[in-house]
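In C-alpha cells below, several structures.
Below are two complexes that have chain A in common, paired first with chain B and then with chain C.
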Partner chain A sequence: MNLISGHFIFFVLAVLLFYYAVPRKSQNVLLVAASYLFYFSISLWFPLILIVVTVVTWLIAMQLFLKRQHRKTFFILALVFNLAILVVFKVHHFFVPQILSRLDMFGWQDQTLGLHILIPVGMSFYILQAISFVVDCYQGRLASFPGLMDFSLYLAYFPKLTAGPIERPGSFLPKLLKARTVDNEKIAKAFALLLIGLVRKIVVADPLLAAVPAGLFQDPGAYTAVQLISMTLLFGLGLYFDFSGYTDIVRGISGFFGIELSPNFRWPLFSKGISDFWNRWHISLSHWLRDNIFYPLTRMFLKKNIRSDNWKAVFIPPVVTMALSGFWHGTRAHFLVWGLIMGLLLAVERLWRVKVNPVRRIVPGTLRNMGSIVFTMGLIFACSIPFMVPLAKIVPYMKGVSKLNGLHAANFRIFVFLVPGLLIDLIQFRANDELVFMKWHSSFQAAAIAFAVLAVLFMSQVYVPGAFLYQGF
Partner chain B sequence: MISDTVVRKKLKSFILKEILRNPAYPMKPDEPLISGGLIDSFSVVQIAVFVEETFGIVIPDAELTVEDMDTLNQMVALVLNEKRS
Partner chain C sequence: MGKRRRRKAKTPAKKMVPSGSGKEESLINVSSRNGKSLKLTWPCGLGLIKALVLLAIFMLFTEFLLRVPAIRRQLPPPVLGTGNLTFDVTWEYLQRTLDQYGHVDCVFVGSSMIKHAIEPKLFEKWFREKSGLDIVCFNFGVSGMRPSEAGLYKTLVDKLGPSLIVSEASPLFLDEQFDGYRNFPEISLSPWGNFQSGGFSVKGWLLTHSLLFRHCMRWNMWARSPEQYNRYQRISKNTRMNGFLVKGHGPIKKRARRIIPKPINTMLSGKVGTTQLLDDWVTCFSGETPVVFVEMPLRSETGSSLGEEDRKFSHARILLRKRIEERGDLLFSPGAQIELGKSCWMNAIHLNPKGARLFTPVFADEMARAISTGKLKCFRGDR
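Right after this comes the complex of A and B.
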C-alpha cells in the first residue's frame, strides 16, 4: 500500500474512525492491529519477521530490566540477535517490487547476489529502535517496562514503520501511555505538516526525480558533463524533498492520532558545516548513530587523553560511525566509500576547528554564513557522488564530468520545480519554525493553502506519485 | 557536597582553555554554546569526560544533548542534579 494512494487515505480514515470510537485503553491495541494490517498489505511474510523481532527482543529486554544477574549476557544476546537479522537481510537482499523498479533506474539494484531474499520494508528502521530499547534497558534509563502491546506499537506503529523517524524509546513509549488530547490546534498542525509534505513530495520531488534519465548512473558515458552534473544535482535534491516530504506526511498523519513523531530534517540545505549538516539531515538516524556509536567511541579515546588534539579521538569515531551509516544504507562498496569519505570530512572539520578558524575572525557575519553554506553544500554534493554512483561507474562518471561539455544539451527548465521547495525551506529556516505559515494572517494562509492544494492536485495528475526512495533502505 | 560556584568555575575554565582555546572569551552563563555553533559533539564528550574525571560523575551518553547541555547554566545544573541523584 503506497502512502500516496487512495487505498492509504481510505485506510487512515477507517482507522481514525475506529480509533476515536473505542475506549482510550483499547486505542493502542487498535493501532497495533492497524499497523500489522498495513504491513500485511505490503507483504504476507514481512510482519512475521517483525513479530519474531518484537517478541524475542521484549523477552530478553525484560530479563535485563528485572534481573541483576547475567545482565551483560542478555544484553549481548539481544544485540547479536537484532544485528544478525539486519546483517543477514542487508547482505542478501533485494528491494520490494514497487521500489525495485524506481531504484533500478538509478543503478542501485544489486546484481551480484546469489541468494535472493527480499529485505522487509522498514526493517532497517525498526531494528535500530529495538536496539535502542535494549540499550536503554541495559543502562537503566527506562522508568517502567512496557507491556508487549505497547512495545509492539513502538516498533510497528504504521506511520513510521516503513521509513522512520527512528524514535527513542525514552521519548516515544511515554506518549503511548499518557492521555491523548487532539484539539483544533493539533489537528491544524497535522493538516499543515501533511500539506507541506505533499507539496514537497508531489510538486517538487516527483518532477525532479522523473527528469533524471533512467541510466544516468549506469551509463554515464552517454551523457555530457553538464547533463551529468545537473541531473546528479537534481537527483540529490529530489532525494531530499522526497524523504523530507515523506517525514512531514507521516508526522501529519500521526498528529491525527495524537502521537507526535520526531522531525527528521532541519533545513539541511542551509548547513554551515559538515557536522551541522548531519545535525539537520535524517536527524533521527544521525542521532541514533551519534548516541550509540560516536559518543561511546569518542568517550573511550578521550578517557585516555582528554585534549582536543587527541588524533585517535578526532579521526576514528567519525570514520567508524559514518562507515556504519554507509553499511546501514546498503552493503555495496559505494555506500561504504561514501561513509568513509563523510567520516573523514567530519574529522578534518574537527581538526580545522582545533587548529585554525581564521574566517570567523576576519569575515563579516552574513558573508561568512553565506560562504559557509555554499561551501558546505558544494562539498556535501561532491562527496555524495559515491552514494549515488555505483563504484564501477565512478571512473567513467568522473571522466564524463571532466569533459566540461554539453551546455546546449542541458535542460535547466526542470529546476523551476525546485522553487516551491526552496521557498518553503527558506521561509521555515528564517523563522526557525516549520509551522511559521500558521502564524500568517488568515488571508495569506487561505491563499497559500489554496495554492498548495491546487498544485498538489494538478501535479498528481501530471506525474504518477512514485514510491518513497528511503523505503528501499 | 560540591557547590554551584566550584562546578561553574571549573567547567568555565575547562571550556575556555581546552575547547574554545580562548581564555579571554566573554562567555555568558546562558549563552547557547551548542546551538550557537561554538562547541560540537566532540567537545560535548570532552566536557562529559572532564566532569567524570573532576567530579566523579558519569553523564550518560543519552544526556549529552543540546536540551541538557547547551549553556553553562544547564551544564552546572546537570552536574549538580547527577551528584544529588
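Right after this comes the complex of A and C.
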C-alpha cells in the first residue's frame, strides 16, 4: 500500500473512525492491529519478522529492567539478536544469487525466490528503535516498563513503520501511555504538515526524480558532463524533498491520531557546516548514531587521554559512526565509501573549527554565513557522489564530468520545480518554525492552501506519485 | 489555523451556548470511557473551507478566461499529452476555428501527406469561384496518424458534423506496419485518447475538459523537455489556423544530418493490409456525410524510388483503388496522376507550400465539378 494512494487514504480514514469510536484503553490495541494490517498489505511475511523482533526484544528487555543479575549478558544478547537480523537481511544479496544458482542446478528454477528474500520494508528503522529500547532499559533511562501492546505499537506504529522517523523510547513511549486529545489546533497542525509534505513530494520531488534518466548512474559514459552534474544535483535534491515530504506526510497523519512524531529535517540546504548538516538531515538517524555510537566511542577514547590533542578521539568516532551510517543505508561498497568520506569530513571540520578557523576573523557575518552554506552544500553534494554512483562506475562518472562538455544541450528549466520547495524551506528557515504558515493572516493562509491543493491535484495527475526512496533502505 | 483562529476557538462556545444550559459546548465531542479523544470546537476547518472556496473561484475564473476566444487565440496551444505534437496542435486549432466560424463544412483527414498537400484557404477560394458555395474547411491531417485510430476521427466527425469528409488514400497511410509510425506513439493509448474511447481516468477527464490543466501540461513540457517543447513551438508556429502545415518539423538540431529519403518499398510492409484497413476506416465515417478519397501526388523523379516504377507501391495503390471502386459508395480522386516538379517537394513524400498551391486548386476544381454533376450530394455549404 503506497502512502500516496486512494487505498491508503481510505485505510487512514477507516482507522481514524474506529480510533475515535473505541474506548481510550483500546486505542493502542486498535493502532497495533491497524499497523499490522498495513504491514500485511505490503507483504505477508514481513509482519512475522516484526512479531519475532518485538516479542524477543521485549522479553529480554524485561529481564534487563527487572533483574539486577546478568544484565550485561541480556544486553549483549538483545543487541546481537537485533543486529544479527539486520545484518542477515542487509547482506543477503551477497549469497542469495549463489543459493539460487545452486537451486537451479537441482532443477528448482524458481525465478521469484530472489524476490521473496528482500529486506523487509522498514526493518532498518524498527531494528534501530528496538536497540534504542534495549539500551535505554540497560542504562535505566526508562521510568516504567511498557506492556507488550504498547511496545508493539512503538515498533510497528504504521505512519512511521516504513521509513521512520526513528523514535526514541524515552520520548515516544510516554506519548503512547498518556491520554491523547485531538483538538482544533492539533488537527490544523496535522493538516498543515500533511499539505507541506504533499507539496514537497508531489510538486517538487516527483518531477525532479522523473527527470533523472534511469541509467544515469549505471552508464555515466552516455551522458555529457553538464548532464551528469545537473542530474546528480537533481537526484540529490529530489531525494531530500522526497524524504522530507514523506516525513511531513507521516507526521501529519500521526497528528490526526494525537501522536506527535519527531521531525527528521531542519532545512539541511541551509547548513553552515558538515556537522550542522548532520544535525539537520535525517535527524532521527543522526541522533541515534550520535547517542549510541559516536558519544560512547568518544567517551571511550577520552577516558584514556582527555587532552585536546587526542587524535584518536577526534578522528575515529566520526569515521566509525559515518561508516556504520553507510552500512545502514546498504551493504554495497559505495555506501561504505560514502560513509568513510563523510566521517573524514566531520573529523577534518572538527579540527578546522578548533585549531584554525581563520575565516571567522576576516569575513563579515552575513557573507560568511552565505559562503558557508554554499561551500557546505557544494562539498556535501560532491562527497555524496559515491552514495549515488556504484563504485565500479565512479571512474567513468568522474571521467565524464571532467570532459566539461554539453552545456548547450543541458536542461536547466527542470530546476523550476525546485522553486516551491526552496521557497517553503526558506520561509520556514527564516522563521525557524516549520509551521510558520499558521501564523500568517487568514487570507494569505487560505490563498497558500488553495495554491498548494491545486498544485498537488494537478501534479499528481501529471506524474504518477512514485514510492518514497527511503522506504528502500 | 492561525493565531487568530486559535484565540477564537477558545471563546465562542460561551457566547453560542448559554452557560448551564446543559448542552455540549464543543462542535464534536467523541467521548470514550476515560474522557474525550476528539474535541473540536467551532469554527473548525474554516481556513480550509475558505481555501477551497478560493480555489474553486480561481479555477473557474482562470478556466473562463482561457476559454474566451480572443484570449485563447493569443495563447500558445495547450497540449493534450497524446505524444503526437501535430495532433495536439491541430486539435487546438480546430477548436479555435470552431470558435471563430461556429462550424466546419469540409474536413481533410489523413496523415502528414494530406496535411502538407491541401491548403484549406485556397480550397475554399477555388471552391467558391467554381461552385458559388461559401464553405469553411479544416485540414486535420496528422503526422503519424494510424488508420487504426479511426475512432478518434469518429469523435472528430461527430463533433463537427461536416458536410464533406476528404480522406487521404495512400498505401502508406493504410499500411499499419509502415515504419514511419515508429516515431509516433499511439494516440488512442494516451490518457486523452483512452478517455475519448470511454475509458475513464481523472487525467483523461481533465485533458478533455480543462484548458487550465492542458496549459499546465504545456508548462510541464517546457520544463521537462526543452527539445520537445521547441519542436512543439515550431509545429504550432508552422501550422495555420486551418490546420495546414506550411513547413515540416525541421531538424531538431541546427546542424543535424540531412535525412536521406528512404525507398518507399522499404517503408511498406510485406503484407499491405490496405483493403481491411480501408473498410475499417470507411466504416468509421459511415453515415450521411459523403466521403471522398483523394490520392496524394507522387514524386516520380528518378532515384527517389517513389514513382510508378516502384512495383510494390504501385501494387498497393492499385489494390486500394480497386477496393474503393468496388464499394461503389465512395468518390475517388486520383491525385497521383498530377505531375508536380522537383521544386514542389519538401522531401520524398511531402509537398511544400508551392506544391500545395498547385495541387489544391486542381482538387478543388474536381470537387466543384462533382457537385455540379450531382456526384456529390448532401453538401450544405453556405450556411
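Assume the second predicted complex is superposed on the first by the 449 of 473 C-alpha atoms of A that agree within 3 Å, B and C clash if a C-alpha of one lies under 4 Å from a C-alpha of the other, contacts with A are read in each partner's own complex, and residues count from 1 in each chain.
Here is the rule we go by: contacts are C-beta pairs under 8 Å (C-beta built on N, C-alpha and C of every residue); 3 or more make two chains touch, one makes a residue touch a chain.
Being a predicted model, the structure only gives us computed values, none of them experimental.
> What is the contact status of A:141 with respect to chain B (first) and chain C (second): first, second, both, or neither?
Only chain B; A:141 stays clear of chain C.
> After lining up the shared chain so the two structures overlap, which partner does A:188 touch, if you call chain B first and chain C second: first, second, both or neither?
A:188: touches chain C, not chain B.
> So, A:461: does it touch chain B (first), chain C (second), both, or neither?
Touch partner of A:461: chain C, not chain B.
> In the superposed arrangement, which partner chain does A:260 touch: chain B (first), chain C (second), both, or neither?
After superposition on chain A, A:260 lies in contact with neither partner.
> Looking only at chain A, is it chain B or chain C that touches more of its residues?
C
> Looking at the overlay, what does A:150 touch: chain B (first), chain C (second), both, or neither?
neither
> I'd like to know which partner A:219 touches here: chain B for first, chain C for second, both or neither.
Neither partner.
> Just to be sure I read the superposition right, which of the two partners does A:313 touch: chain B = first, chain C = second, or both, or neither?
first
> Let me check the overlay on chain A: which residues of chain A are in contact with chain B and also with chain C?
Dual-contact residues (chain A): none.
> Spell out the residues on chain B that touch chain A in their complex, using ranges where they run on.
18-19, 21, 37, 40-43, 45-46, 48-50, 52-53, 60-62, 64
> Using the touch definition up top, name the residues of chain A that touch chain C in the complex.
Residue list for chain A touching chain C: 19-25, 27, 179-185, 187-188, 191-192, 207, 210-211, 258, 411, 413-414, 416-417, 438-443, 445-451, 453-454, 458, 461-462.
> Residue numbers of chain A touching chain B in their complex, please.
136, 139, 141, 168, 170, 272-273, 275-276, 290-292, 294-296, 298-299, 302-303, 306-308, 313-314, 350, 353-354
> In their shared complex, at which residues does chain C touch chain A?
1-6, 9, 30, 32-41, 44-48, 50-52, 54-55, 58-59, 202-203, 206, 213, 216-217, 220, 222-226
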